[in-house]
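Residue numbering begins at 1 within each chain, and the chains themselves are lettered A, B, C and D in the order written.
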Amino acid sequence: MTSTTLVTLLDVLAGSLPDGDGSSFWLPPQVSTVARSVDWLFNFILAVSVFFFVLIVVVMVFFVIRYRRREGQKAESSPNHNLALELTWSGIPLVLVIMIFIFGFKGFLDMSTPPANSYEILVEAQKWNWSFIYPNGYIDSNLHVPVDRPVRLVMGSQDVIHSLYIPAFRVKMDVVPGRYSKAWFEATEPGEYDLFCAEYCGTSHSDMIAHVVVHPVGEFETWLEQASNFLETMAPVDAGRKLFQVRGCQQCHSVDGSVKTGPSLLGVFGQTRNFADGSSLTIDENYIRESILEPQARVVDGFDPVMPTYQGRLSDPEILALIEYFKSLDGSGE
Amino acid sequence: MGAHHHGDGHDPNLAHHFESADQQYQSAKLGMWVFLMTEILFFGGLFVAYTVYRVNHPEVFVYGAHFLDRGLGALNTVVLILSSFTIAWAVRAAQLKQISLLRWLILATMACAFAFMGVKAVEYNSKWKHGLLWAAKYSHHVEEADHDRPTAATDPAVSPDADPNRSAIPPAAEGPAGLAKPAGETDDTVAEVEPENAKVFFSIYFLMTGLHGIHVLAGIGAMIWLLKCLARGDFDGGHFTKVDMVALYWHVVDLVWIYLFLLLYLID
Amino acid sequence: MSQHTSNGVHVASLRLLVTVMVALMIGTWLTVSVTHYDFGFLNIWIGLAIATTKAVLVGLYFMHLRWDKPFNAFVFLSAFLFLFLFIGIALMDTAHYQEVLIPGWPLE
Amino acid sequence: MTADTLTAGGDAAGNALESSYLNSGSGVLSWLFTLDHKRIGVMYLVAITASFLLGGIFALLVRTELWSTGQTIMTADAYNKMFTLHGAVMIFLFIIPGIPAALGNFVLPLMLGAKDVALPRMNLTSFWFWIIGASFALVSIVIGAVDTGWTFYTPYSTTTGTAVISITMGVFILGFSSIFTGLNFIVTIHKMRPEGMTWFKMPLFLWGLYSTAIIQVLATPVLGITLLLLIAERVLGVGIFDPALGGDPVLFQHFFWFYSHPAVYIMILPAMGVISELVSVFSGKHIFGYRFIAWSSIAIALLSFLVWGHHMFTSGQSGITNMIFSALTFSVAIPSAVKVFNWLATMYKGSIRLATPMLYVLSFLFLFAIGGLTGLFLGALSTDIHLHDTYFVVAHFHYVMFGGTVIAFLGGLHYWWPKMFGRMYSERWGQVSALLIFVGFNLTFFTQFVMGSHGMPRRYYNYVEEFTSLHRASTVGSYVLGFGFLIMAIYLFHSLFRGKPAPANPWGSATLEWETTSPPQAHNFDHELLAGDPYDLDALELDPAIDGWVRRDPRSIILAEGGGR
């Protein structure tokens, strides 16, 4: 039997009518090169399972009906054991599970060996968002990839264990603090797909969701160029908001007045704040600039001096955009 | 209750649900061995943590071990072996109904146990004084430490070539360039420069010796209980099961120490 | 010349116990003194071999395994079997991580 | 009458409500400090039932919250605590001690024709350790609960601000409770089998308990040290699991699963033992393939130590380790499959009674088949990458743990209930509740397979819209399930006071626990018994006068009159 007919047969068994995207009753759309082999094995195991499940239930129900207790009738005698029979039903599952193991292992090898010419994207996970860092240094909170080109993710975590999971690609890999973990895929269909955090990581674990945008041939490079120039193409306020989100500021600073590790930035501009050293000041551009580049210089009273410096990590235009954004947070709503 | 009492007229040392003294003894003994098995796996977890950390960071152990006083460690080993001997002899005394000897032997074992804890206290105290504590409380300064370990700099065993081979594990620098720590460099300077995370050695040291110390204390408790049983006359009829059980436990405490001494104190 | 209790349990002779103790003391002296010589990677294995010999002596004679039901020895030894399994796999796996560690983490 | 020679303490039918262990001493203290394995078993039963109720309430709250995306009834932090507590309570307080400590404690010495377990004091200690451990867990719940998930993964568990230490202390102590039970059972089975009961004439429930006990004593100490290391990590900053100190956070997972995977078999092996007893008795047939079933229990116990890494396929574990663990994982499938086929074969040509316990057996076969077969998806490496940490896993282990263990526990409870309390429960209501539980369970968890394979991650407070209808179906199922349990609680409680007095042997079983009165007397048996084939059901006949079963030749199992030990 050729593997294609087998695949079709299994698809039918799995209740899936191949409707183009490879999704079925059981599985989401297939959008990566490995998804097909994963789904093939899934459906194979499903077929084996359905067979044995039906066998067990049918035999069980048949016995219950056929040998249901009747008044004054005792169980018929039959042997208490039968070595040949028992060895047979140990042997058949053994052969099947060996097959499943081999298929699973082969698929796993493909999934863990990225092609040499892969496009590399760095992934930074932290509670509770993802940062995707492209080769030109641009950082985005969603994963954009070209279609039909292998992409390799090199991932690190800043705090606890996270796990990058893209159901449509059948890809999942834990992101462990202190080490690089790797994953790769080659998307086959342009579109937008979900990316989840699959390893429990605390309060907003279930909101640690990003999108994977698969760009059609030729469009990825254009997107990247445009996105990287967001300081020029976007209004400063919007650019500032974007930076605020993707550069990790929002981990410690809220914009709605609630207190996190650092003070909230709601209505911060023009306010007077007291500092730990006893001085006080009305917040202006210069102070914001100082507290980004030298955060320890003047710490707002009641907070720990824990903010890292962004010296060398944010450019002047970026700081200006952030300042514009903070100015817009005057409590009048967006 | 029916007319089927078994307690009356029976050996008071035989519990009602056993048929014979032998069944009772063998049950207790099997139970004890199974318990010792759980003890091995309990300590075993720490040995796994130890091994994994040592294999990954051998320099931390080479460095840290200099701060342990191997003279005191050896003394404690001798003390525990002696106590193992006295408690083994105590079992013999109990079997032969030598009650007075038994009392002395239990006391001798306890004396050893206290001596062990005393030496341990001296050691812990000196670690405390120098800030050589577990990672969260570690506050050691290398400058002061030099007085603590006169042997370190001159120890012939610390040769740059021999060190990487010692643990039969390639130094951590064998990963891709730029990814792994340059452990090779620390080998040359092990006696002078504190390697990164040296404090974890002391975490492991305190965990392992601490858990062992708790077992020693439990052993002392068990021996006090034996003395109480002895005073009550439990052993007069040659019922040595309790002594045997405590002895088995005590030997395991000794066994664990034999390995702890080797693995913590004698690293080069 | 071996003695037994009324329910047939072997009584270790005092001479044997003393001999074992002396052997253990010698073993301890040996463990310490071999550290003055450098056998390269063998150091740890020599140490472990001596320690294990001592442990076997304690087990066989002080703990009476030599005269005990073999099943008790089996119980005790199987604990070590499972421990080695645990150590072995943990080591095999952690060795693999070494090359993907991020130097100097956390970075800030 | 043949019956009363055997059951001198009771009436002709073998009922001994007046003079049983239940009233051989009065007052709370006579229970709390009893050394009687039966009373300890009953206390354990009460304790784990309370835990099950607590865990069940947490489960219903979790399911209710998932009725809609975003907030339904509680905040994300509260939800995270709910699912953590549901898992921790169900696993450590209920399901691990469930069958061994409650049913096993009661039944094991009786099956051996013995007066007690080998180490009764240790048995009581085990119960008290359970109480102390449970108290720590309760304290943790009261002072703010934990939000780590029951798996306590580092570094989350070492950094979260919730009450991790008290609950891990609790679990640590519960571990010793479990070790003591296991140790006791090993010694008891080794040293206290009666005349005639060779290893291969033991009832299969004892094989189940024995293999469980092996895991309990070998694996649980590692849990103890793991939790101790976790506490040390939090309190002392030890560094073994802390990457900032050169430690390895994934090493914790090795530690944890070295215990917790075998622990899965601590849960399922005794359940399999219960099913082996029940399927034979209610089919009126000798068990089929005794030796294969017995050996497969031991095989599962030993293999269970070789598969823990299959919880870590996506953790970054090395390829070679993944391969080894995947291969070994499949090896466990064989003995499990063998058992299922042997149970089915036992029903062949039988005389099948669809009493409540048998309904649970059929339920078990149905659900365990699904639970076991879906394990194949998770053992295979490439499919597990997709399914790991999704609802597919949640559904899989609920099919095994609930569909397997809890269903078998309920079957066993209904089977031994008359022996434990000397009363029959309402058969009709028993069947109704068994059916409701079966339907509710499938509705709750089958939907989760579909969600999981579509990529719904577990431990999610919020979810993407497409899963709403499946989540709602699952939530409705959980209410049906809860309702089934409510009915069960009512009729069982009712039976304690109003139930028909039970005969000594209401089901026609040939194992020794049915040779004493229902409920048993304090000292269990009047005579020293001689064990025969535990599945020789032909040796019994129904006596309509007492509505119970009696031996055709009552003398055949008496070794010595009046105990005579």
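Here is the rule we use: contacts are C-beta pairs under 8 Å (C-beta built on N, C-alpha and C of every residue); 3 or more make two chains touch, one makes a residue touch a chain.
Worth saying up front: this structure is predicted, and the values here are computed from it rather than measured.
Separation of chain C from chain D in touch steps, taking the shortest path, is 1. The largest tally of C-beta contacts between two chains is found for A-D.
Rounded to whole angstrom units, the spacing between the C-alpha centres of chain B and chain D is 36. Centroid to centroid, with C-alpha atoms defining each point, chain A and chain C lie 47 Å apart.
Measuring from the averaged C-alpha position of chain B to that of chain C gives a distance of 12 Å. Chain C has residues 71, 78-79, 82, 86, 90, 94, 97, 100-102, 105-106 in contact with two or more other chains. Counting partners per residue, chain B has 26, 30, 34, 37-38, 41, 44-45, 48, 52, 56, 179 as the residues that reach two or more other chains.
The set of chain D residues that touch two or more partner chains comprises 190, 218, 222, 243-244, 248, 250-251, 316.
Across the whole structure, chains are in contact as follows: A-C, A-D, B-C, B-D, C-D. Those residues of chain B that touch chain C in the shared complex are 21-22, 25-26, 29-30, 33-34, 36-38, 40-41, 44-45, 47-48, 51-52, 55-56, 70, 74, 77-78, 81-82, 84-85, 87-89, 91-92, 95-96, 156-157, 159, 162, 165-169, 172, 174-176, 178-181, 238, 240, 247-248, 251, 254-255, 258-259, 261-262, 266, 268. Residue ranges of chain C in contact with chain D, taken from their complex: 71, 78-79, 82, 85-86, 89-90, 92-94, 96-97, 100, 105-106.
Here chain D touches chain B in the complex through residues 8-9, 24, 109, 114-120, 122, 179, 183-184, 186-188, 190-192, 217-222, 224-226, 228-229, 232, 235-240, 242, 245-248, 251, 255, 521-523, 526, 562-563, 565, going by the rule given at the top. Listed in rising order, the residues of chain C touching chain A in the complex are 97, 100-102, 105-106, 108. Looking at the complex, you find that chain B touches chain D at residues 1-4, 6, 15-19, 23, 26-28, 30-31, 34-35, 37-39, 41-46, 48-49, 52-53, 56-57, 60, 134-137, 196-197, 199-200, 203-204, 206-207, 211.
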